[in-house]
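Have a look at the structure below before the remarks.
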């Protein structure tokens, strides 16, 4: 089990991004982490992977554990070796390198079983198998996303962290990516899926967390979340009842008066 | 002391409902990847025009095209009748287009006041030699523009932090300062790139009120890019929905909310179906 | 002197420049730092060759080998002690700090040298020339070209096929991606400095092809690798090679013909030719011939 | 309003140079100390030796040069390693206009000019030195302003080497390398700064006269720089330094402001070069090398980037460094290791260079704001006294 307990993250010593969040990814499960832009989803993944310092961030409280062992003080490369691998937001394939080189990089910490893992990845992504010498930058968006996921799989991780894999992809491709996530999970890898596309994320995951400005506000089975009115309104973008919620256009006068009086 | 109203320090947008920005069939791509693909729209004075769409849909790219940071390969952008393509960003700013940025682009080593004074750059009429001597004109101009800036400080409720360094301010206040800096430019068109991203409800409400007031007091055109749907739907006159750089719908907030294409772009195709089996362990 | 002779000298010069320039580019690509300390590292590494080859009278190749090991270690230490604390600081600050390093190392290394230039040892037979008609071929120049080509091929193979080479390339393109795949970026930085230091040491063997000697003032010669790197574009190894050839040949041609054709621009004009070429190139292409233009995102 | 010194009532005084009474008091105190130092030979209880007085003069002139570098590098964020070139241009322009001509008898009784010199007044050579350097800056700027960051640093390195070449080769103007040429004379409207004499009934030595000249010039140029820093130009430069793309979208034309910074910086360098080397008395081409540029970079780094007082502190620090090294060399325990000739383990010149290097490295790692930063911290500490920590 990969677990975060009461994690607090501060950027540049002043900006508090995570205000004590906890979440758990059980072995072999898919867990979704949802939330608006800037809520701290990516920061959560960074904290797990140990790459906060790149952006001048620091974990000031809490712990990240893997099977009960703390991993939050370890280097990024150690964490990968222990079996937690991440595909970053925005694909981030190395555009100048070939498909195969990108995958070989993924195997940096796990070189001995390079062939085996490469076969597994090519099995998941037949598109990539057809063009190992292709320059990654010329792949289509969907293929790049597959390469990014494949690269993360090259270390044969027990837990795969995916940051917005559906970002900027056509609905059809989103579905394809979704199926792949299911397949990866079927092969035995736990997945922590961070998504804006709540619809997609909640249909594959067993459990979902919702993060809002650095705090976990909801923590329920995915099926329940899908039915939740608030989730439908805020994360699926549907106005439901509408009227009982204050409109931003109306709220102003009240606030304004308050301000003049104070 | 009577509270200053914004229009007492800044020029108004002029007659309501006049077209100020025309974007026509703009195409922009980076190394073959299409970021903006055939986008057209018009913004009027006294209009709050919202652009929505998933991440990577090309919203910020449209701002960058209007600001002159990117040059679209095809199409035209006209501001108050003037073609903007190929015009340098600083000139475009001078024509009366101001913006805020998705990831705050304030000058962190300067005070709030200095950041706002930077917004007044084009309104400070004195040369380098006058700046060095600092007599007469330079001094007068600094004082005159400082008054405008103080008006904006008051409007945005920034008085307590006027002389604080921006880097020391919390995120929500920084966003507000950035809005102030854009206002200080006395724009005819204001472009706001995710002004409430990462804000809590109270900060979001404050920001909504500022945007609302700016629009009613100044009557300038405002383009708003935002993910916070509630705010967009409450404030906007017109909503323009984009997906993968392509326009999918334009209309009033209620029209957009009920547009099936828009719903699909946000929800993914299978929303509503039961969770697929594989994931549930 | 013939045109052919000038060309040959130019190519030999290009070989030396390319050895130094590759060090700059490797460091720049891996950590976006421009190292002004290359000339100092050249003097430092070169001195150990001098020491082991002439003072201790070891076999020349053995001397070079030991010097290379010492140079690599020096590179590692410098990176660890001075550069590591600067990670995340503005590039400007880091560049200036390498100037400070350059000064300190240079004085330190320069202190080993005597007033007179020191020989780096002479396995190729000092001043062995072969005559082809009027063409004079200096063995040391030939060696420079051979070594540079060999080192280049070796580096290319390293970057293409080895695990660490790939990791270094990945870190150069996207540090965060490298990190997330388990690459130790700190190791990448350290290896870059070690490599650059070794390359500078090799360059020291050929910096004075006719005399085969080394003196503290030679840093001025080594500094000319800077315009070479800039002309090529800071982050392009291929660009550095093309620029090295361009500058090497331009300098050799000027050295050969300028005193007859344009005596009024003064003696030693060829020494400033690399800088002039740099001005012209940057006027036309602000990011050098093959440099990557920074893509702005706001 | 005098009664409530902390209160400002209009925007003009709020934007003033010295915002608080404390700052004003400090400034006056500094001037008093400066005058005292200048009077060091005759007024105070401590008598400064003439070479210390000359070092003070050098430090003041160097401060003007450091200010210039701080305008382009500190304020504008454009790394210039070419300051030596502009200093040199100023020095040579002054020398040519204000220096004496050297002739020799040529063939057939015709006198040949070996080195040109027009012996003009300081009122002419001083501004001319600044203007020529500024013009050179104007010529280089079109290349420079297109470049960003490190590329600019390199171009300016190139400038130093080209400059050195020109200074070596244009022999009738510069005297070439080695021997060099005589410099301009500090002589204004008949008043000689370069020899001792009575001023208002007070005997002042050459060094003292130069000291007060330098002090006044530094005050004027420091004030100008300070004004510049707090004007729209200064803000625009700082904006370009911190975020150039955003600055452009605030309506700031990047190229124009980089050019302005380059020209003003060169002007300061020209003035500083002219004044400094006129005190030295001899100009040789070797003086304007890369090391000189680095010295100036060290001044602003050690003193404090983008501040007027930092420039001055840094200039004093670097100018007095050789003196410190000399003193080190005289210490009984160290005297055997540090010598003036190459025979010892390390000679004073080398030690000085190593110290330069280490100071640059050390300040960058440990105190990026330089002496100015240290000063601010000390001040803040005492502000809170006795409640500090």
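Quick notes on this one:
Labels A, B, C and D are assigned to the chains in the order they are written; within every chain, residues are numbered from 1.
Quick note on the criterion: a residue touches a chain if its C-beta (ideal position, glycine included) is under 8 Å from a C-beta of that chain, and two chains touch if they have at least 3 such contacts.
All of these numbers come straight from a predicted model, not from anything done at the bench.
Chain pairs A-C and B-D differ in how many C-beta pairs they share in contact, with the greater number at B-D. The chain with its Cα centroid farthest from the Cα centroid of subunit B is C. Note: centroid distance subunit A to subunit D, computed from Cα atoms, is 54 Å. For the pair subunit B and subunit D, the distance between mean C-alpha positions equals 44 Å.
For this pair, subunit A with subunit B, the centres built from the Cα atoms lie 29 Å apart. Annotation for subunit C: residues touching 2 or more other chains are 296, 298. Multi-chain contact residues of subunit B (touching two or more other chains): 69, 101, 105.
Contacts with at least two other chains are made by residues 245-246, 249 of subunit D. Residues 88, 163, 166-167, 169-170, 173-184 of subunit C are the ones touching subunit A in the complex.
By the touch rule above, subunit D contacts subunit B in their complex via residues 10-12, 14-15, 224, 227-228, 231-236, 238-239, 242-243, 245-254, 260, 264.
Contacts from subunit D toward subunit C in the complex involve residues 77, 79, 81, 142-143, 146-151, 153-155, 157-159, 161-162, 165, 168-169, 245-246, 249, 290-291, 294, 297-298, 301, 342, 345-346, 350, 353-354, 356-361, 364-365, 368. Across the complex, subunit B is touched by residues 12, 14-15, 26, 28-30, 36-39, 90, 137-138, 141, 164, 166-168, 170-171, 174-175, 178, 181-183, 185-186, 196-200, 202-206, 213, 222-223, 226, 234, 236-239, 245, 247-249, 251-252, 255-256, 259-260 of subunit A. Every residue of subunit B that touches subunit A in the complex is listed here, in rising order: 3, 31-33, 54-57, 157, 167-168, 170-171, 194, 197-200, 204-206, 208-209, 212-213, 227-231, 233-235, 244, 257, 263-271, 273-276, 278-281.
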